[in-house]
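Working notes, structure below.
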Amino acid sequence: MKKFNTAILFSTVLFLLININFVIADIPALLLQEDHCVSCHSELEILPEDFQDYDSHLQIGLSCSGCHGGDPTSEDPEKAMSPKAGFIGVPSTKAIPKLCGKCHSNIDFMRTYQPRIPTDQVQQYFTSVHGKQLLKGDEKVAECASCHTAHAIASAKDARSSVYALNVPNTCKKCHSDADYMKGYHIPTDQYEKFARSVHGKDLLEKSDTGAPACNDCHGNHGAAPPGVESVAHVCGNCHVNNMNYFEASSMAEPFANLDIHACEQCHGHHDVEKTTDDMVGVGENSVCTQCHSTGDAGYQAAKEMHQSISEFVNDYNQAEAQLKDVQQKGMDDVDILYLLQEAHQTLIHTRTLVHTFSPDKISEKTSEGVKKTSEAMDLAKKEIRDYHVRRRGFGIATLFITVLVVALFFKIRGMERNQKKQS
Amino acid sequence: MEEQKTSRRKFLNFIIGGGLLGWVASVVYPIFSYLIPPKVPEAVVNSIKAGSVADFPSNSGKIVKFGRKPVLLIRTDTGEFLAFTATCTHLDCIVQYRQDIKQIWCACHNGIYDLNGRNVSGPPPKPLDEYKVNIVNDEIVIINELG
Amino acid sequence: MKTMVKNLYGWLDERFDLSPLIDFMSKKNVPVHRHMIWYYMGGVTLFLFIVQVMSGILLLFYYKPGADSAYESMRFILTKVNFGWLIRSIHSWSANLMVFFAFVHMFSTYFTKAYQKPREMTWVTGFLLLALALGFGFSGYLLPWNELAFFATKVGTDIVGALPLIGKPIMAVLRGGEDVTGATLTRFYAFHVAMLPAVFTVLLGLHLVFIQRQGMSEPEELARLPEDQKKWMPFFPNFVLRDAFLWLVVLNVLLFLAVFYPWDLGFKADAFAPAPAGIRPEWYFMFMFQTLKFLPGHILFVEGELVGILFFGIAGIAWMFVPFWDIRAKSTSKFNPMVIIGLISLIFIIVMTIVGYLM
């Protein structure tokens, strides 16, 4: 009897020890414990490659069976993964949008989780190049899981997500930069390379400025397509509002549209938008105007004049900046000069934006405004430098008086002491 | 000989007197000049005057210099005065008040801030710092409450 | 001109009986010998003190004490006030020169044994004046409320806090609290413009009265000579004119420094920023600072820093009482213990100051 009791005691303790983690695990793990899909697959270490426990579906309780079907309550793999229980295995590429759409296109269902979530993704997807190709039977194109991943889905606001702004270029690049994969599509595969070199790319990827555009900001999310001729200006104009407005109101808008030239792209490129330089306007070597305009036509003349005004202003601005540095180096007061230069800099930015009006008059109006400010700044700087020299001259004068006094005193003392000696 | 000496002594005394006078002047002049109050009579520390209320129309904004920083002073269409730093939190352009959308706008990349200074649209990552505005005897005074 | 002065003198003499005083002053003589140059050092220090008072009072017209306004008002003085830059740089340079000349004056009176009877109290008041000058320097340094000043004050007052028992309370009184804050600035301002000037003026008055009453000390070699071989110079007008001569030269040097080596404004103090590299005290504290840095963490069972502080404290007190423990050496022996002690102290100070800047 004693031996039997000991045996029961021993096995109970052993059982509890083995299952102690059942008692102290956290809630999601507890829930997962009931889900035998995850528990078996993790025990056997055959979880999908991209499995992450921060996956949004997993976090809200929609586990494997939610998409793959089957019976998560059964420990028996045959029963759990039987087609009778709805198991569909790994869905085919072609079937994925519809599979995701089962929930994500159903607003009645989705609003119980997120009242404001859009439900037009699948619809948009089939208008995109990816969607259209998929319908044609192309299994190489991107579908939902290609960008969002299958088992590590997270909100686009979550920094871990494959569709978080800073991660988007990497996600697209997986296919679009793979020359072998993209063989047969006859589109370039250097977009990422060019983008990474561009102003936008550097801001996004190196400075982590989420204000800079990623691929989807211009191409769209689910309805991804390269922006057409009319839409280019609008796409860029989403951020570069004034540039767009000036351009659309300018004399170049119509001819560009008629010639089927993509507005902004023609001069600035798209993926490889570089930092603009003043040389782009004008008739010099690096000018974009001379791509179409040549000596003698009105455009050439306008370009020349615009470049002239801007160069003069920039020159004055640089001069003022040099004076400022001199003032600072001499330790004189630079506050007011700095403020003026800030204002002048703002005017310079506005001038460069006004280039898109292609009107030399508007440019020179703005540059005159700017030159007034830089002149004021230079006058202030000159005054400070003059003061610097006045101080030194003042010192010279004071020294002169002191020296005169000192020399006179010297003689006075000498004379006086000579007299005293004589008298004694 | 004696005459020479006395004249020399007189000359020396004259030089000393003159030199002394000059020296005293070169000491007294800066001191007096120092005591005359400069145009702006005191260190601009925490507040500036920004003009009279009567001169400021409703639903308008203007940039005012606060030390070395630009500040955007706004009068809303209800007559209330607001003031924010005018340096955009994205890439440091100077923002402006838009009378049409009644919000603060940055022309560089279309960033928009509401009248609480909060960044509500576009690239700006942070709100604009707010300044307190007091009206004293019809004069607008902008105060920096930040330490 | 001469009659005007005579009439004025007569008017005053009638009322205040100035004649005995004038008589006494006209008889004042200064010994003439080859080491006379040291007699002028006290006067130069006094001149620089007068410059400090004048420039300090002028600065008071525009300076605003307070963590929110001190730095800004300094900037205002330097950029907007006419000659503000000049007054400020004069004040900063003169402070340093004054401390320098005070040390020179102190060591010269030491080595010429001017502290001996009957001049013991002149020496004691002089020592206290030197300590007060250092206090002026320490308190004034914080007033611009810039980064370097803030952290130097923090380090300096931290050292005071290392004394056992009394250290922390003294530090709290100095700082106006646990940490260096705006309260410290207010306190240092009170020390600098009110408390220290009051005490200094009293001690200075005593110091000068003693000198006027007792006259300049004669160096030993002169004292040993027979009366008819001693050379003298009347204080008025000879010595005074020579003083004026030297003071003018010093003024010119001061102006040169102020114009060509203007004092920095630096960056506004930020209590939350990490200490900038290279904080160090002003040069007149450097030798003590460097010594403390050299001391090991512990000496026997006492903290190294504490040993250093106690050492300087005791050394200071000993120095103040030099006239009372003065070791008179036999005139025949070559080794004069006071001279040796003095030389060791002087060389220690100079070497430690230089090392402090090299490291």
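Going in written order, the chains are labelled A, B and C, and every chain counts its residues from 1.
Here, contacts are C-beta pairs under 8 Å (C-beta built on N, C-alpha and C of every residue); 3 or more make two chains touch, one makes a residue touch a chain.
Computed from a predicted model, the values in this text were never measured in an experiment.
Colleague: For the interfaces B-C and A-B, which has the higher count of C-beta pairs in contact?
Modeller: Of the two interfaces, B-C and A-B, more C-beta pairs touch across A-B.
Colleague: Using each chain's Cα centroid, which is most distant from the centroid of chain C?
Modeller: A
Colleague: With centres defined from CA atoms, tell me which chain sits nearest the overall protein centre.
Modeller: B
Colleague: Centroid from C-alpha atoms only, then distance chain A to chain C, rounded to Å. What do you get?
Modeller: Taking the average C-alpha coordinate of chain A and of chain C, the gap between them is 60 Å.
Colleague: Taking each chain's centre as its mean C-alpha position, how far apart are chain B and chain C in Å?
Modeller: Taking the average C-alpha coordinate of chain B and of chain C, the gap between them is 39 Å.
Colleague: With chain centres taken as the means of their Cα atoms, state the distance from chain A to chain B in Å.
Modeller: Each chain's C-alpha centroid was found; their separation is 35 Å.
Colleague: Residue numbers in chain B touching 2 or more other chains?
Modeller: 23
Colleague: Which chain A residues sit where two or more other chains touch them?
Modeller: If we look for residues of chain A contacting two or more partner chains, we find 335, 398, 402, 405, 409, 412.
Colleague: Considering chain C alone, which of its residues make contact with at least two other chains?
Modeller: Residues 80, 86, 248.
Colleague: Which residues of chain A touch chain C in their complex?
Modeller: On the chain A side, the touching residues are 331-333, 335, 391-392, 394-395, 398-399, 402-403, 405-406, 409-410, 412-413, 416-417, 420.
Colleague: Please output the residues of chain B touching chain C within their complex, sorted ascending.
Modeller: Residues 23, 30-31, 33-36, 38-40, 42-46, 147.
Colleague: For the complex, which residues does chain B have touching chain A?
Modeller: 8-9, 12-13, 15-16, 18-20, 22-23, 26, 65, 67-70, 90, 93-94, 107-111, 122-125
Colleague: Report the residues of chain A in contact with chain B in the complex, numbered from low to high.
Modeller: Counting only chain A, the residues touching chain B are 209-212, 238-242, 335, 338-339, 342-343, 346, 349-350, 353, 397-398, 401-402, 404-405, 408-409, 411-412, 415.
Colleague: Quick one: in the complex, what on chain C touches chain B?
Modeller: Contact set of chain C toward chain B: 58, 61-62, 64, 68-69, 72-73, 75-76, 80-84, 86-87, 248.
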